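Note that chain A is present in both complexes that follow, paired respectively with chain B and with chain C.
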Partner chain A sequence: MTTSADIQTLETEELISGSEAIARACALADVDVITAYPIRPYDTVMQFVSKLIADGELTCEYIVAESEHSQFEIVKHASAVGARVFTGSSGVGWFYAFEALAVTCGLRLPMVAMVGNRALDDPGAFGCEHNDALAVRDLGWMLNWAATAQECIDTAFLAWRVAEDPRVFLPVAISTDGAFLTHSQQIVKVPDKSLVDRFLPPYDRGKFQLHPDNPITIAPQVNEDWLMEIRRQTDAAMRRARDVIIEAHEDFKSIFGRGGDPFLEEYMTDDADVVLMGMGTLTLPLKVTVRRLRERGHKVGFIRVKWFRPFPTPEIIESLSRFKAVGVIDRDYSLGSPLHGGVLFNEVRSTMYSSDSRVPIIGFVAGLGGREITLRSTREMFEITEKAAEEGTKGQEIHWIGVRE
Partner chain B sequence: MTTTQQLTPLRGVKQSPLEEFFTSGHRTCQGCESALVMKLMIKAAGPRTIVLGSTGCMYVANTTYYSTPWVVPWMHTQLGSSGSAALGTAAGLKALMRKAKMKDEPINVIAFCGDGGGVDMGLSAISAALTHNDYNLLILLYDNESYANTDIQVSGSSPWGANSTFSPPGTVHRIMNKRWKKNMAGMLAAGHPQVRYIATGCASYATDMMNKVRKALSIGGPTFIHTFDPCPKGWDYDPMYSHELGMLAVQTGIWVQYEVEDGKITLNGPSRLLARGRPRLPVEKYLERQGRFAHFTKEDTAYFQQQVDDMWERWWIPGVVPPGMAEE
Partner chain C sequence: MSTYAVEVVYRGIFQKRLSGNICRSIVLASRMEGKIGTAFGRYGDSPERNGIPAKYFAVVADDALELEEYLAQYEPTQVDATIVVDDTLCKGVESWAWYGLQPINALTKPGGTVIVTSYQDPEQLKEDIHVKDEPYNLAIVKGSKSFSGLWVYKDDHTDVRVLGALARVVPDMVSLESYQKAILQQWKTEAKVVSSQRSHERVHISPVEPGEGNETEPYSFEMPGWQEMEEALVIPGIAQGGGFRGGEGGFEPVRSAVFKKYSTRTMRPVVNFETCTKCTLCWLQCPDSCFDVTPDGLYDANMEACCGCGVCEDVCPVPNCITMVNEEAFVDNDSQYEHWQKNRDDYMGWLEKKIALGKSERRSHGFHHVGQYQEENAMAEVGSDD
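Moving on, here comes the complex of A and B:
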């Protein structure tokens, strides 16, 4: 057990962005191979990585690839020989790598990537949308959304720990809202390497390591004879990931003294009737609005989903069953989906189908393309959700918030 | 620091190692010259080698679950990823060795691709890999002149006019593939001047091909070999003639055997003799043996011959570097 006094001497407080925090995590985790390719806004992390290498603070093979596809393929293969890897992308760049993203899961390689969430061009837009990272939600990527620069560095350590656990061996994408997190500086506690070493064991590929001493054949043709069994193994790994995440969060808390619930951050929900929920940096305006509405007597709260894959199904059922209405804010779109709602909305709605409460769930699409989710728009979303609670609607509504008509 | 394995040149086929590292278990076609390239490639490289295979015949027909023919460690990579697979593997090994997380020893890294994966889709990644001088790796392109695995579709490496399932001769359009085959090795040699070794090869000349693999792996840095592989299924001929067709391609001057080592070009074997004035066989001797050219008229054959003649008579370096010098 580390005492808080210990931690204080083993951590320094620094004013850094979410991108810089993850770059610092790369150095502290002694990452072996890193690949870069420029696209805004994630690429800031590689600017910090390359400077850390140039200054001798990070030792790794650092390759500037000629495309995102190669960027992800290179680290995929480095991971197969036993190297700890890091890479990342944003928006359509992430999509350019899509083939590599898909096969990384089937290969069960513990790649850790940062997604600087960005709108999918066309038309050109640098701002934050979650559709890039969400596109891999069915493939076997574990997906985490960070809300602060502190969470960026902390989640990076958790990501390697969970991904490289032999019970899991699946990739993790750390989603960071473009600009709001990638480019915004906050005070971050940066730990000493000795603390990180206590939390994060070396990556051991074991009997799956590709090496002349272990001459295995990886990913031969299986076709209909075996593919279904192999998919089922990957499914089992994702199911196991849940407990590994919980275990890792507990260890993290005992070593670093911070962390909170692994899956959900709840804010002023204890006596709440109505809550909004969402992912990423929209937390900040929502917390402000929750406080202001509570000053005026509204029993409102906010819930942030931290891990989207594996989806925190039991936690969400248990949590949301307490409320009279729930509004789900999607910084994404899912055109043609049930009710034309967002991705998180439909996942939450599907999750709650098996609960007894059948709480009304309202869907909000907001903040697309990096448009600011203002205090006014958060108030609007609370008003609509409170109205649904009063009227006891079934929650079949989708509202686009902050959009010019 | 990790160096390369020093693999000695073979002075004849009798010196070839007896050990096989590509054995039974594959299901390539009878007469498949690309399978022979695999066998010779890994025989030349030896057991301390990691092979990465991009999608294509040599993946799909070669590597079946529970019956892998590979004795050495082998991993599949995506169709366009031979360059990235080689680079990632070499970088992973290097990082682990320099940090003492793995025993420091020279391990050969070979990534292979077909013409679809190399000449078309993977060109960008191969080019990128060839710029990374810090890593020892070989990219071997086995060229059977079509997407043979997916039913014989035309690629950027298919010969002009060839019948394929994407370029079938018809009643209105006899010639559906109007593109001339890319000059891959020459392009890579011209475009990556720091690469120490780039070569073409053909399994009909087995010792030469194995020595090229050995030289590529021993010399260090990123290297590239392009082999010319007759394909009974795609080219439509009796499987027993694979070797002979490889030799005919060289003797007609259609395929040129050469190596570029530290910036110096050497034409090898029969190609060297052709450059010194031995008459080239007419291309017809090669074309008429294959069903994929059965629809050719005399004019088509003449056009083909003219292109090959130009390559030998007008190019700056015959068969390797176009264009010729402009007349003053």
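Moving on, here comes the complex of A and C:
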């Protein structure tokens, strides 16, 4: 157990962006291979990785590939030989790597990627949307959304620890809201390497390591006699990831003295009647609105989903069953989906089907393309959700918030 | 509650590091006083490109909760100081997607300050800066525009000179002493501390009264709702155009009513119509089709469409027929050809005066030959001692 005085002397404060925080994590975690291909806003991490290498603070193979597809293929192979890896992309760049993204999970190759969330083209746009990272939600990627630059560095350590755990061996994508996190410099506590070493054991692939001394074949061609069993194995790994995440968060808290609950961050929900929930940096305006509405007597709260895969099903059922209405904010869209709602909305709604509470769930699509989720729009969403609580509707509504009518 | 916000308006790419350094130093210095802050670029719906006006912000608060309260609205609507690191931006900012012209002092709060790095005097700058209903101050840090390229930074002390001035105009946000500690911590050189001190002492501050300044109405543009917009990402074409200024002869293309280039320029071409041979090269080569063809076959650079790249000057085969002149030499966007038509002698005098005032020796920004960095640094140091 580290005392808070210990931690203080073992951490330094820096003014860095979310991207820079993850680059710093790469150096502290002794990453062996980093691959890159520029696309905004992910490319900010490349810039900082290059600087750390140039300054002699990070020694690794740093390969700028000729495309995102190769970028993800290279780290996939590096991971197979037992190298700790880091990579990432944004928007359509992430999609260009899609084949490589899919095969990584089947091969059970851990990697940590940063997705600088960006709208998908066309139209060409730079702003934040979550559809890029969410596109891999069915494949076996673990998906996490960070809210602050501090959480970026902390989550990176957690991500390697969970991904490289032999019970899991699956890739993790850390999503960082483009601009709001990738380009915003905040005061961050950067731990000393000794703390990181205590938390993060070396990556050991054991008998799965591709090495001349350990002759194995990976990535075979199979037919219908095998595939279902292979998928079932990956499914079992994802199911196990849940406990590994909980365990890692507990250890993280005891070593670094911070972190909170692994899956959900709840804000002023104890006596709340109505809550909004969402992912990423929209936390900031929501917390402020919760405080202001509470001053006026509204019993409101906010819940942030930190891990989207594995989806925190028991936590969400337990949490949301306490409320009179829930509004789910999606910084994404899922066109033609049930009720034409967002991805998170439909996942939450499906999760709550097995709950006895039948809490009304309202869907909001907001902040697309990096549009600011303003204090005014958060108030509007609370108003709509409070109304649903009063009327006891079953939440058949989807609202687009902040769109020009 | 005392939260402070500062914006830096800068030329995209050329001054990216400069503006970043200023905002970063503000937050680092505030930390020396136990405050907390954040520094961020406004990266919105438009990419940062060479010379395009862009913004960087720094927000400083007493504690984390106060900072959170402030940042819940991501982009500040009011700032204690607007820092302008290229004085041609005083004409206004079309910052991130051409939604109209934002006066440079639009976010400056009543009683706040606009800090400009410039060799111009307050009266000259006020010809450009739009009028405001509330009083504010105009502070001038004497110096040239500090332009660099994408991969290099011209460390001519503009960053710390701005910080020194900032400590004068917003003293309660961060003290000069804290800035100097942060400067020393980052750059590890006394020289930059001295520069900040000098600038702190020498910054020229003058009040601007309500209604004082450029009275032109900044152009604006109403954005349509989703049901009014054309579907399928289709943008209707613009009609081809017709005669010069609506007349019979010549040719003038119809230009977008909402997409203007007034503030993208740091320099503009002036044309000597007396020596022009009507060779058409400027008209052909201009990447923005900014030249209107006059009825007598001359070419009039239309300031609505010119982005100030200097290609026309490069391709013009007649010596000194087209000259690029620093944008700060101009207060309007009037037609040169019409001026010449009205009074040839007066125009030729005007032309000569403008060229004498601000002929732009360099065709582009950044560094083009070995040793240029040292040369410009030496020049900047001379400037800072003025």
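Just so we're on the same page, the second predicted complex is superposed on the first by the 405 of 405 C-alpha atoms of A that agree within 3 Å, B and C clash if a C-alpha of one lies under 4 Å from a C-alpha of the other, contacts with A are read in each partner's own complex, and residues count from 1 in each chain.
As a convention for this text, a contact is a pair of C-beta atoms (placed from the backbone, for glycine too) under 8 Å apart; a residue touches a chain by one contact, two chains touch by 3 or more.
Values in this document were obtained by computation on a predicted structure and should not be read as measured data.
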Ask   = Who does A:Pro41 touch here: chain B (first), chain C (second), both, or neither?
value = second
Touched chain A residues, chain B compared with chain C = B
Ask   = Which holds for A:Ile317: it touches chain B only (first), chain C only (second), both, or neither?
value = neither
Task = Please work out whether A:Phe180 is in contact with chain B alone, chain C alone, both, or neither, and reply first, second, both or neither.
result = second
Query = If you stack the two complexes on chain A, which partner ends up touching A:Ala125: first (chain B), second (chain C), both, or neither?
reply = second
Query = So, A:Met238: does it touch chain B (first), chain C (second), both, or neither?
reply = neither
Task = Could you look at A:Leu339 and tell me whether it touches chain B, chain C, both or neither (first, second, both, neither)?
result = neither
Request  = Going by the contact rule at the top, pick out the chain C residues touching chain A in the complex.
outcome  = 23-24, 27-28, 31, 36-41, 43-47, 68-69, 71-75, 223-227, 233
Query = Which bits of chain A are touching chain C when the two form their complex?
reply = 13, 15, 40-41, 122-123, 125-127, 178-180, 183-187, 284-285, 287-289, 369-370, 372, 374-375, 403-405
Query = Which residues, counting only chain A, touch chain B once they are in their complex?
reply = 30, 32-33, 59-61, 63, 65-67, 69-70, 73-83, 85, 99-100, 103, 202, 210-212, 214-222, 225-226
Query = Which chain B residues qualify as touching chain A in the complex?
reply = 47-50, 52, 59-60, 63-66, 68, 70-78, 80-81, 83-85, 87-89, 91-96, 98-99, 101-102, 107, 124-125, 127-128, 132
